[in-house]
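Below, each structure is written out as structure tokens.
Same chain, two partners: chain A is paired with chain B first, then with chain C.
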Partner chain A sequence: MASLSFIIFCPLLAALLIAAIPRNFKVLFRLIALGATFLPALAAARLFLGMASGHDGVQYEEFIPWVYSLGITYHVGVDGLNIGLILMGSVVAFAAACVSREITNREKEFYLLLLLMAGSILGAFASYDLFFFYFFHELALVPTFIMIGVWGRGERKNYATFKITLYLSLGALLSLIGLLALYLQAGGQTFNIVELTRRLSANPLSPGAQQAIFPLLMFGFGVLVSLWPFHTWAPLGYAAAPTATAMMHAGVIKKFGLYGLLRVAVPLLPAGAESWLPVLALLCLGNLVYCGLVAMRQRDLNLLLGNSSVAHMGFVFLGIASLSLVGVTGAVLVMVAHGFLAALSFALSGYLHQRLGTLEMAQMGGLLKRLPFIGTVLAMALLAGCGLPGFANFPGEALVLFGAVTAGRWLVILAAWAGLVIGGVYMLRAIRQILHGHLPERWAGVPDAPHAWHKLPYALLLAGLVVFGCFPGLLTKRIQPNASRIVQAVNGPMLADSPGEPEVPGHWLAGGRKVTGHE
Partner chain B sequence: MEYYLPWFILLLPLASAVAITLTSLRKGGVAARLSIGACVLAFVLSAVLFGRDASGVTQFNWISLSDGATSFIADIALRLDPLSRLMLLVVTGVASAIHVYSYGYMRHDPGMGRYFAGLSLFMFSMLGIVLADNLLMLFIFWELVGVSSYLLIGFWYEKEAAADAAKKAFLTNRLGDFGFLLGIILVWALLGTLDIGALKTKLLTDPNALGALATAAGVLLFCGAVGKSAQFPLHVWLPDAMEGPTPVSALIHAATMVAAGVYLLCRLFFLLDVPGSHALVVIAWTGGLTALLAALMAVQQDDIKRILAYSTLSQLGYMVMAVGLSGSADNPSPAMYHLTTHAFFKALLFLGAGSVIHALHHEQNIWRMGGLVRRLPLTFWTFLVGTLALCGVPPLSGFFSKDGILALAQHGNVALFALAVLVAGLTAFYMFRLVFVAFIGPAKSQAPDRAHESPPVMTAPLVVLAVPSVLAGFWGINEYFGQQYGTRPVEHGFLATLIEPFTHAPGAALSGLIATAAGFALAFALYRNAVTDPLPSRLGLVARWLRNRFYFEELYAGLIRWTQDALAAVADFVDRWVVAGLVVKGVQGSVELTGRLLRLVQTGNLQTYSFLFAAGVALLLYFALAR
Partner chain C sequence: MNDVVLMGLEVAVLVTGLAVLLLDLWITPDQRRLLGFGAIATLGVIFSASFAYLPDGTQYAFGGMYALDEFALYFKRFFLIAGMFVLLLSVGTSNAEEGGQGEYLSLSLFALAGMMFCASAANLALLFVSLELVTVTFYVLVGFQRRRLASLEAAIKYLIIGALSSAFLVYGIALIYGATGTLDFRQLASLPAAVMESRILWLGALFLFVGLGFKMAAVPFQIWAPDVYQGAPPSTTAFLAVGSKAAGFVLLLRVLHQTLPVLETRWLHLLMGIAGLSIAYGVLCAIPQRSLKRLLGYSSIANAGYLLIGVATLSAAGATAALYYLAGYLYTVLAAFIVIAVVLQHTGRDDFDGLAGLHQRSPLLAAGLTFAMVSLAGIPPLAGFFGKFLVLKAALAAGAEHPGFYWLLGIAIVGVVISLYYYFGVVRAVYWGAPGEQPAGPIRVEWPLQVALYLAMVAILWLGVMPNQITNLAELAVKSLGLR
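Right after this comes the complex of A and B.
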């Protein structure tokens, strides 16, 4: 039951099922979508808890050869790099299905696309085969455009659809060219990432080839993740997207580009990474500082969240560019944390949009009085967004900052300024404008989330943030072996490699006798 | 058992905060019982630990990463040593009194549940700082006290002023935390560990391990204290924080959280006091400057809570200065001593002010009070005790702790000594101005006539806090903290303790007393029967500068507008018009052009697009294979 293929194909088959049901059975679509996202979330949690940490091997592997001549296999599995993403993605998918109550026209198509999106992106994360890795992502991306175009909101809906399609297709195309070039250069016999990694670490590509292919992947994946200056699609797209789409894309699908960098680009092209990652380190300041400053000026909550989401991606880029164990681990942690956070923020802004009809912050105020639950969760989400300890973003961002010491002193200073100060300014301004202050007359009747069932998706996403915020070790101990191998792929093996448990100072009460700690 | 006690102490308030949030936000009485119970129990357990002289480290691994080159180990590690043991006792003790008082003060507020949840969250965060044995853990709880302070300052969030003050406090603290985090990263990069015990060992074996960056590391770590303890130039948030409920001002913005900066400096003293580092000089002068500026500003404030807030700032400056001057003795215990006594008498003063405000139905302007001696006798007498202790009148606790700092300054730096004596005089002046105008002088409005003494649930904590304010000088607190820094505790008798300041450093003790007497005399002459403030007409421009707090607020508002906000406006403009406008429109234009050229295939049909896309992929694959 708790197999990876179940997690991937349960939503996909449910989408097929929905396609086969006549469109009058509106309730059924929703029920199917809820069930087909809930069960994978449960299964993913079981995989997460059941997986062994401490080594970098692939677990829960499933392997079905498909096209022998091309070396395409259906090969899925989990390791420290993707288990967090799969868990987060499946939870976000369930939450997205929950909040899709707001959709009141063409429910059939909406839930079908949502399930398609959910199953495929999880498939992309789980795949160890370049073909499926790319194919599944493309399959998740296309529904995004349709959903924004059909169920989107705002006057700039069409422009946003156009722009996001243009950008993301461009990014996908660039990375496709990069991946194909990589496949061909590696001999063109296998799409299997594990196999490719093995071959390329034994016989690396020529530095020239690596330096030519790496930027294709870096910018291709980068566009998909809104790398500065290719970021302008993101805030606009998320502002126009229906809630569930914004949650899924900003939370989950967007992580594909980052995951691609860590899974494919850096380990397979170490020499390319070495020469191009300094460029990424500079561009990520565009995300962190520049987009943070832009976020300060936003008057619309969704545009603010969109810009801050772009800004947060800077931390992941910085962690990857630092090429240190601490930084890369932090980057993966931020990916998971940001998934929960972005989904939660957009879910909440969707709630506000539905109830208020506007997201113009100047028109709000004092809403905490009317919305004790939604308001409190929103305040927590915004505080989590400016890196408050207790939420998962903090350990991730802190690790990135510590890890980035190797990348350069000024990078750390500017990134810390962006995360602590700029982030604090726009998040607190948002709380001040939306939740605090005087409650305008027109919102006197705004209702809070009525009962537990309505609160569930928000509570679930918040729980994700809090659990990994309080116990980041759950993730870091799983990420560490893989992060370590990525770093060593580029920097070469460490001199005195001692993988054993770090030294733990003695407890101060051993065997009923008081032992004085190290003084 | 002892192994678990510190965890109980730390987690009790958290459990209370979580329980209140989940179950009894609307049931104020239940919330109050939970919160008060957790706090008092934590106090009892702290007393047990104190009684047993428990020491050592207990930890739980939070993040641990290591490969051959680096190791990053962040533990939630609790350390018990003389410093944390006594600090635990002070924090939980003062907090218990304030929790009980809050029950009386907040009883009629519909948000009482939320209030006590915030208070418990604060206790959890503060105890985390006291117990922390790891720099990252320290930072985590540092941020958490910041956010609980934010929540409590903004408790009445519908009030614009409160909401603004909360935001300002959080962001100003963030500036300090920015430096603090950089300092932690720097120390980790240089020494390779975050564990405070291990750092100490490293610096003991190699005092020059920080090298040329010793001053930078020290000053960056000090930034954390500058933010939290509201030192110049980040002092602006504390007076505004008085928008929060008065017991919050007493607990967080007088007795404990703002003093955490001083505690941090004492905890990390070994990192500051290394050869070649000038960090302590910076610290001493920052503290001295804050003490003086804040005392001057306090002279012309009219709001009873703001006067106390500036007084807190000034006293915090005193403590910070004491840390900065402790380099030669390698022992900053005078700062901790003053922190402790200050926690008692300043909490007492704030609660007394709260009692006045409560009795006058939220009147805070001292020029609308007067004649409260007869109306609020218990509040007055305890308030007077607090005032005398703060002014350093022997034999009250404040005299001994302040004398310790004056003696340090006398030996360390003549300029700072003169400054400290001046501040002592100013302290007596502004405090007795407050006492004369609000309590003793004639009534200046109708409000005092209708005032009634507060209920026992509020006056009892006043009496309880008055006891240590009077007696704490005889409890050997200074010697107890000294153990942390390797000095041997010396037992003094009552009389010996009383005359010790005059035998040890008679110059310091006498000049402090003379300054205090002068300040009192001046306040007596000016304000004994004053109905309006005579200073503005006598001092003119100077008084206006003091009243407007040297225009720091205006200066900062301008500074922010012309730097960060201006940058943001530029970035937004560029994003709107250049990146999104020209570049993207350019791409869009060329795509449009291509589109027009490819009109033949552009059917507008999604299936055709996806078919073409798939065909393209197939084509590429075909070329790949045909190679």
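Right after this comes the complex of A and C.
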């Protein structure tokens, strides 16, 4: 069943279709974009529900040789690691197309780039070939730059465009060198990740080579995920980006670097991972604490969201660095959860920006009275951001913390706990400043989202957060086999009585266990 | 007779050039365009005829002077495609050319024939003659708009530096002959080891390299490139950028791998150093440029550096990368110069201000220029990406034997990131640059140029998405060069 290729190529072909239509048919562009993102989202949901959980093999594989002489193949498939991301990515893409009502000039180019972005990032997640893995991601980056440049806002738009372009390209190139080195060291015959994993687990690379390649991938991917101290492009870029771009980039494209660490870097270079992940664990303190503190002092809602999204990445890094089953599972869960969360919060801030013309929080207040729907969703999103149980971030972050505890990095755990507290402070403050208090006169006529169709994207993203928050087992049972494979690649086969590696049962959180240190 | 058949492609191009020159005397000015289309169609026929040649190994003609193998054919096809686009470009912008249309066409055809001879040169004498045929015709082509001061200035610069490099070239050839007593590539390749150690031979080889470096526009022989790129008519610049550069590379590859086998080790550091310097110089100098043609001049220097990395790896993978890279570069640069030619014709300027609002005035031109810039920046799914990918891969593989390549790789990466800045600067100028006081009327693009631009864009995309065919051809070509 060509369902996975459909998810990737439906948006890409629709982008081509848009390129061929004259620019007068403005409504048509929007309709095509909505259709070409809705169908993949449906297909992704079907794949998600239809895939067999409980084993770590690749499912729904498709395989087309592309460049024989180099061993490049178009090879896509799903397993526990990427199915959540594909589902989340396709839903976010649909939501992003829905909220793009605000774009009123050059719609043709906008929807074309949005579809290009959506199709290619889903392709990057689905690819089991190093070349396409990189190719699709890079393809998704270019629209980001152009969209910020053309439809971006704020007077620092140009600066932000170039900053994000240069940073992300540097990160991508570093990781490209790492991927190429990996390919050449493994014999230079295949880019197939499954095949490479098999070969390298049979004959691992020399520790020296692993330790040389791993940092290339770690920092390359790290820059793409806004690893501290290479994070400064993120808040700036998201503040300047149009709503849909911020949603897609912060929600979906940014997860590529994390996914790359989990899919390629850690399992293929276990010795490198062992010696470099402690460095990552230290750097992610910068994300958790430093960026959290920076977020606390922001006056602009978008800058706050941008910084908090950088801070949330710290949890994922932490989970990966813990190299424990619980931690890695939690990291993947946070990736999916944060995708929904970031997309939802940027969608809401986009709504506010469009209606209010400003995102200065000091000028807002009491908006909950005027905006019952948007305000409620915003409050829920911000609460989800500080890790309230019931939203998908909570189980993910809790698992990451448990993973960090089993790894025994106390300094890091303390910092993560502090990060949670800081997150709570700025999120709650934002709720108070925006939604509560006195409503300024000038906002007396601000309209709420008028009808169900306008509410749909927000509701959909919120539903994602709530569903995976209440039933994290839906994801964890799919992630777990792959996560344990990754952990085993580094730590060696797990012993049955190995301490500190508890099973992650499907509904272990359903009992509502309290976790210390959580808000 | 067999000899003439072997070099039938060049003969056909030369005959076409002569026919154009002659027919120009017979036709009325309104029919000049038809003459151009006729020449393009003939080149198309010659191009398809090139697929009738199936060299079984290497075939030699004229006592070993002329070699025909897959490598030569790859480049002949490359030059023919470049020639067709350049003729189309010159026909489309004919109003801008002051001189005779017929002369311009025939001179371009002669330059094309020279380039095609370069691809087959198996003797230092033919190498020199074919290279001179290219260079001398370009002296005229660069200065073709003889009432434009910039064009004349460019021609003088090109003439002086070109003459200097020709002098180096011929002096080098003389020294090589003096040391070895032969000009033939095959005889040079089988010299006894004692002769190889001759210092005169090495000096000669070095001078030869200077002459080729000038064609490739590699540092330190790059000095002419920005000025000449800026001053020459756009169709000439396009031909110079792809054809002349590729002629330098085809000769370099052949001399490197088929003449003096010890050159490979002796020139390794030289090539690496020049590659690094070219990239660094090209990208750094391109940053402040405001003129698009000048920017492309510097970018062509940087691209010579990337190509030289592929050559310097001395591996089949590296040479294949260079060949593919050139193919992608061909369409990319042609697309850019088609847009520049039209913009220049309509606004009289080639700087960023002239580009402001281009996306409204002509979405096609804006899209074409964006394609070219994004491809030059090396971003998928366009041709430039796969070229850079192959070059980086070859360099990384060579790094296992020679750690110097890791440094080169570092320079290349920094170079790519810096180049993103100025390539995206062009995209910004097209899509969201501040519109100046330009009259914002739409730009009408003549149909020959539209066709050429669409073809170039499709080719850029096709090469990037389906690189298999070109890499196969390039691999075949490299194999015939004796590289494994």
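General observations
The criterion applied here is as follows: the second predicted complex is superposed on the first by the 485 of 519 C-alpha atoms of A that agree within 3 Å, B and C clash if a C-alpha of one lies under 4 Å from a C-alpha of the other, contacts with A are read in each partner's own complex, and residues count from 1 in each chain.
Just so it is clear, contacts are C-beta pairs under 8 Å (C-beta built on N, C-alpha and C of every residue); 3 or more make two chains touch, one makes a residue touch a chain.
None of the values given here were measured: they were computed from a predicted structure.
Once the two complexes are overlaid on the shared chain, A:T161 sits against chain C while remaining clear of chain B. When the two complexes are overlaid on their common chain A, residue A:A398 makes contact with chain B while staying clear of chain C.
When both complexes are overlaid on chain A, the residue A:V487 reaches chain B alone and has no touch with chain C.
When the two structures are aligned on the shared chain, A:W66 is found in touch with chain C, with no touch to chain B. In the overlay built on the shared chain, the residue A:L31 is in contact with neither chain B nor chain C. In the overlay built on the shared chain, the residue A:W417 is in contact with chain B alone; chain C does not reach it.
Look at A:L174: by the touch rule set out above, it reaches chain C but stays clear of chain B.
Of the two partner chains placed by the overlay, chain B and chain C both lie in contact with A:G188. In the superposed model, A:V150 lies in contact with chain C only, and not with chain B. Within chain A, the residues touched by chain B in the first complex and by chain C in the second are 69-70, 142, 146, 162, 166, 176, 180, 183-184, 188. Residues of chain A touching chain C in their complex: 23, 66-70, 106, 131, 135-136, 138-139, 141-142, 145-146, 149-150, 158, 161-162, 165-166, 169-170, 173-174, 176-177, 180-181, 183-184, 188. By the touch criterion stated above, chain B contacts chain A in their complex at residues 2-3, 25, 54-59, 61-73, 79-81, 136, 139-141, 143-144, 147, 154, 157-158, 160, 163-164, 166-167, 170-171, 174-175, 177-178, 181-182, 185, 188-189, 195, 197-198, 200-201, 564-565, 567-572, 575, 579-580, 583-584, 587-588, 591, 606, 610, 617, 620-621, 624-625, 627.
Remark: chain C residues 359, 363, 374, 379-381, 385, 389, 392-393, 396-397, 400, 409, 413, 416-417, 420-421, 424, 427-428, 431-432, 467-468, 471-472, 475 touch chain A in the complex. Across the complex, chain A meets chain B through its residues 69-70, 142, 146, 162-163, 166, 176, 180, 183-184, 188, 229, 232, 236, 290-291, 293-294, 296-298, 324-326, 329, 366, 368-369, 372, 383, 388-390, 394-395, 398-399, 401-402, 405, 412-413, 416-417, 420-422, 424-425, 428-429, 431-432, 435-439, 471-473, 476-477, 480, 483-484, 487-488, 494-499, 502, 504-505, 507-509, 514-519.
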